[in-house]
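What follows is a pair of complexes built around chain A, which joins chain B in one and chain C in the other.
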Partner chain A sequence: MNAESVMERIAASHAGQAARMAGGAAWARRRELALARVLGSGLPDRRNENWKYLDHAKIAEREFDPAPRVTLTADRLAPCLLPLAAARRLVLVDGHFEPQLSDADAGTGVVVHDLATLFSTDPAGAMRLLREPGDDSDDRYALLADAFAAGGLVIRVDANAAPAGTLYLLHVSSASLPGTSHARVVIEVGAGARLRLVEHFVALGDAPAFSNLAAEMQIAAGATVEHVRLHQSGGQSAQLETWVIEQQADSSYSQHLFALGGRLLRSNLNLSLAGSRAQCRLAGLFMVDGERQADLYTQIEHHGAATRTIQNFRGIASERGRGAFNGRIIVHPAARGADASQSSRNLLLTPLAEINSRPQLEIHTDDVKCRHGATIGTLDPAQLFYLLARGLDPDTARSLLTFAFCEDVITGVPLPELRRGIEELVVGRLPDRDVIRSFR
Partner chain B sequence: MMILSVRDLRVRAGERLILDGVTLDVRAGEVCAIMGPNGSGKSTLTGVLAGRPGLEVISGTATYLGRDLLAMPAEERARQGLFLAFQYPVEIPGVNNVYLLKASLNALRKHRGEPELDAFEFLNLVRAKIRQMQMDESLLNRGVNEGFSGGEKKRNEILQMSLLEPTLALLDETDSGLDIDALKVVADGVNALRSPDRAIVMVTHYQRLLDYVVPDQVHVLAGGRIVRSGGRELALELERRGYDWLREGTAAA
Partner chain C sequence: MKSNQQELESLVGRKYRHGFVTDIASDTVPPGLSEDVIRVISTKKGEPAFMLDWRLKAYRRWLKMTAPTWAHVHYPPIDFQGISYYSAPKQRTDGPKSLDEVDPKLLETYDKLGIPLHERARLAGVAVDAVFDSVSVATTFKERLAEAGVVFCSFSEAVQNHPALIERYLGTVVPVSDNFYATLNSAVFTDGSFVYVPKGVRCPMELSTYFRINASKTGQFERTLIIADEGSHVSYLEGCTAPMRDENQLHAAVVELIAQDDAQIKYSTVQNWYPGDENGVGGIYNFVTKRGDCRGRNSKISWTQVETGSAITWKYPSCILRGDGSVGEFYSVALANHYQQADTGTKMIHMGRNTRSTIVSKGISAGHGQNAYRGLVKILPGAEGARNYTQCDSLLMSETCGAHTFPYIEVRNPTAVVEHEASTSKISDDQLFYCLQRGIAAEDAVNMIVNGFCKQVFKELPMEFAVEAQNLLAVSLEGAVG
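== the complex of A and B ==
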């Protein structure tokens, strides 16, 4: 399939839907413009440094028309839910907010708007709220989402609010038929507020669905956000996501990203430490087996003085799985006293698996402390032999060491019940899982 | 009864021939000491017997309880009651020490057709052993050997040994790096294992351990061969005279 035909299919899909999209003339113009920009520049491909590890053909072969809307019952959803005590749930199905599957009250100090409604009731407000994606290729899929913008959520946390419990944002891909869905999510966290957000991605069916999420988060001064992101979609699903996060002074953001599902995942994070002393802590783990691919790209920009980054990513690839970590940290001249550390450690379990790791530091000031390191290796034969010499089964020994490799990323997950759930998902991916379970 | 019988074993690591025809018999009830200069192949010998990867057997045999030891995978040897206390126990962060003990014991019990111990029985057993080893209980819940001091690692090896009660224990310099009290504790652990149906092979550089655990036989490994065998008095002689006189002996032979 050549690039031209992908663009033609995207244009045709847009033409088929445009008339049904809400928001009046202004939004119709904005979408047309966004579409024209996508068609003009094309989607990123391998020639682009930041996109060179992604299997673009897997996206090009997808159906770009939306799948027919499905109505889900709570029963259908129940088996997918994470066991989060006292969580307020917000559910997006194929990019559309589903109030009847969601909690009406998102917590004290939290206001939620359905974007689909906002387009009709306050198109000008929606225009102000939704960032217009730039020309950078890292923003191209966000631009595509802008061209198709129809649904999603706006979440506002009031200044100094500290909603009890967890905000649980569930992204469901119905995947009963092939199709593409786009979603926008905007989160504004007010000054001094505290938010714990769990994002969870699941697919209900096995059809080759494509989900494209463009999301942004504004974290005001002194706010604290804990963000767990769990990709657990099974089967053939492909997920593209573009997150843009901006942090003001003295804010603190931590993310725990687990890429444990789907046929293909490309995750873009562009995080800006805009205000002084803003700090972010990013932990990530991908596990790819079978023919699966995970491609994690992060760009962290230090603008404010004394800003701080701690990034710790792990990757595990087996069978024909392919994983990539591409992490850029840019320290701008104004970021005096910045401190950034970046570590990417990766484990290749089989000869046909593939991992690429590219940590990159760009430093434009002298007054800065930076460390980075990347390793790609196999299980340590000395450790393996030690376990065998104690009578353990080779599969058990390998699984134990594999689990040990990513354990510290899991240990960092804030909620015990969530930590156990994720641990279970990781263990479930390993051979000899029952023995490992008895180890926990 | 013969527990271990090694015949003319030649082993290569990388490009180097390291064991050049080792012959050794260990009978039930015996404690046998192996001494020899640094780099003479002692760890290679214990390693090849335990199934360490990267060692290539060129010729010779090793028979354990009448079976071809070298044909068995490492875990099978362990399950059949062979135990190697490593000279340099490896650290395994993220794998809990006490869980390893439990998995290991249960793997061996399962192999013998015995039921697995439940959590309560197991903990009682481990607690008793850890008191014997005069170890801090907090070491149980750390990663395997993670951040253990040299002496703690060695005690941990002996703790595993006393829990697994092997038929053949190969102790590779378990006495090195121990303070005097720890040496006594380790020696007690080894003596407690002594029985008419087990055997112990101790690699050591020092006479001191042999004061506590009196060997039935002492062998000297040099240049990849056993160049001298004798009783405990051989160890005393080595302490006095060093190894040089034996090396001359090999050259002449």
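== the complex of A and C ==
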């Protein structure tokens, strides 16, 4: 499938939908322009260093027309839900907000807008709210989402608000038929506010659906955000996501990313530590087996003085799985006293699996402390020997060590019930899962 | 501290020590590049037909290529038609038969550079194949090497005397189509060094070549080919200085190393070309392709480089670890001061079983210097039991400099173990304070700390080079820290 045909199919899909999209002439123009820019520059490919480890053919072969809208009942959704106590749920199905599946009250100090409604009632407001993606290849899929901007969510947390419980944002891909969905999510966290957000990605069907999420978060001064992101879509789903996060002074952001599902996942995060003393802590884990691939890309820019990054990513690849970590930390001249550490550790378990790691530091001032480390290897024979000497059979020993390898990332998850859920998911992917469970 | 800083700043302004131009008549082809120019080069050098064909093939390929843009360096586009592709010191009728016949000004130049020619060469125990611009003019210790069966000569001589070896090995490590600058080099290279160490021979001395760019507006396109046959051992040193000049000069060399079964090649470089002045005017563009092929079982190729010169350095000495049990090493110190830009690193391609590689890279950035480490460690599916350890550290010495680390780690074999670690920081205030407190001057303290930082690499250099490298670093860095 050549590049022209992909662009032609995207253009055709756009032509088919444009008339139905809300927002009036101004939005029609913005979408047209975004589309023209996508068509002009094309989607990123392997020749682009930041995209070199992704199997672009797997995206090109997707259907770019949207799948027909489905109506889901709460019962259909129930088996997918995470057991989160006192969580306020917001549900997006194929990129569209579903109020009847969501909690009406998102919590004290939290205001939620349906973007689809906003396009009709306040197109100018939506225009101000939604960032216009740039020309950078990192932003190309966000640009594609802009060209198809129709649905999504705006979440505002008032200054100094501390909503009780967790905000649970569920992304559902119906995946009953092949199709593409685009979604926009905008989150604004006011000064001094606290937010705990759990994002959960599931697919209901087995069709090769393609979901493209463009999201952004503004974290005002002194705010604290805990963000757990769990990709659990099964089957053939392909997920592309572009997160842009900006942190003001003294804010704190932590993210726990688990890439445990889907045929293909590419996660982009561009995070800017704009204000001084802002800090972020990013943890990530991918597990790829079968034919699956995960490509985690992060770019963290230190602009403010005394900003801090701690990044800890783990990856496991087995069977024909392919995993990639691309992490770049940029320290700009003004970011004096910046402190950044980046770690990418990976386990390669079988001969046909592949792991690529690209931890990168770009530093433009001297008053910094930056370090990174990356390892790719197999399980430590000494550790394995220790367990075998104690009578464990080799498979169990291997599973136990693999689980221990993931545990480092899992233990950081803020909610105990969520932590247990994720542990269960990870263990469920290992051979001899019952034995491992008995150890815990 | 403040007064020290002023003192040091005055030292930063120190002019390039080796900045002088030797005024001798050159036999130069007018600027420009075409098939005719390549034919002229080939004819002037009296090359066999296969060489001309090879050059033309490269040229035709090059015409279809575009200059790479991925490196973390910035420079105005190069006018390839504005460069003269051939410059040789004018020869007396048959060329110099002994040192007495060599142009005295040339010898004076070597003298200033401290090249151990005539008796100094003997004392230093170094055989020197001095490349003055594009043609080799003097080679010493030929006899001793010949006794051992080692061929060490200029590339042109090798084309005349050992065409079979050239035809067999040239371009087998860095193919004609490898990259933009390597392809350009293949088309227009004028000279370089050739080494062949026969089976089981341990080369009796360190081999050394001094490169020197002299005539204005001539790009230097060196080609070096080193072949270590089964069980042989050779150590090769390369060092460079260049006269001061305000016009950027292009240097696009290609170095190919081939190590057969159980052979070892150690290749050391001290590069001190003109880096441009303190405002970033002038300086050499150093776009080099260096690659070693560990073809045989248990062969070993080791690269050591100290890069303090050049306005722009773009260089990735690499190892293809093809033979089972072969070993690749890369030790590097790269310094970028003033407006220098360095994008350097290595590639270790593991193909054979139980192959091992070690990478130690030390980057120092000062002034507005930009220093990037870019490295690839690739473990192919067949590289059972491969092992890599990479360490790259950066030292920052000013608010305006940059230090960047871009490693690529690609693993496709589960028995491989690959480790990479890197750190970036400025000179620790505590260390500096400790030294000052003990009465060590700030500058000496900085030198000491920097030398300590680079020690791991310097200890890999042959002794004479290690001394030169330390001095070079001290001169290049004077006053860079306040």
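As a working rule, the second predicted complex is superposed on the first by the 440 of 440 C-alpha atoms of A that agree within 3 Å, B and C clash if a C-alpha of one lies under 4 Å from a C-alpha of the other, contacts with A are read in each partner's own complex, and residues count from 1 in each chain.
In this text, contacts are C-beta pairs under 8 Å (C-beta built on N, C-alpha and C of every residue); 3 or more make two chains touch, one makes a residue touch a chain.
Values in this document were obtained by computation on a predicted structure and should not be read as measured data.
Participant: Are chain B and chain C a fit on chain A, or do they clash, once the structures share the same frame?
Facilitator: fit
Participant: Put down the vertex angle at chain A formed with chain B and chain C, C-alpha centres only, nearest 10°.
Facilitator: Taking the centre of chain A as apex, the angle works out to 70 degrees.
Participant: Which of the two partners, first being chain B and second being chain C, lies in contact with A:I355: first, second, both, or neither?
Facilitator: After superposition on chain A, A:I355 lies in contact with chain C alone.
Participant: Identify the partner contact of A:R390: answer first if only chain B is touched, second if only chain C is, both if each is, neither if none is.
Facilitator: first
Participant: Any idea whether chain B or chain C touches more of chain A?
Facilitator: Touched residues of chain A are more numerous for C.
Participant: Looking at A:D367, would you say it contacts chain B, chain C, both, or neither? Reply first, second, both or neither.
Facilitator: After superposition on chain A, A:D367 lies in contact with chain C alone.
Participant: Should A:E49 be classified as contacting the first partner (chain B), the second (chain C), both, or neither?
Facilitator: second
Participant: Touching A:G40 in the superposition: chain B (first), chain C (second), both, neither?
Facilitator: So A:G40 meets neither chain B nor chain C here.
Participant: Please state the minimum Cα-Cα separation between chain B and chain C in the superposed model, rounded to the nearest whole Å.
Facilitator: Across the overlay, chain B reaches chain C at a minimum of 12 Å between C-alpha atoms.
Participant: Which stretch or stretches of chain B touch chain A in the complex?
Facilitator: 50-54, 73-75, 77-79, 83-84, 86, 89-90, 92-96, 99-100, 103-104, 107-108, 111, 143-144, 160, 164
Participant: Chain C touches which residues of chain A in the complex?
Facilitator: These residues of chain A touch chain C: 49, 333, 336, 346, 348-378.
Participant: Inside the complex, what are the residues of chain A that reach chain B?
Facilitator: 380-383, 385-394, 396-397, 400-401, 403-405, 407-408, 435, 438-439
Participant: Provide the residue numbers of chain C that touch chain A in the complex, in ascending order.
Facilitator: 70, 72, 379, 381, 394, 396-426
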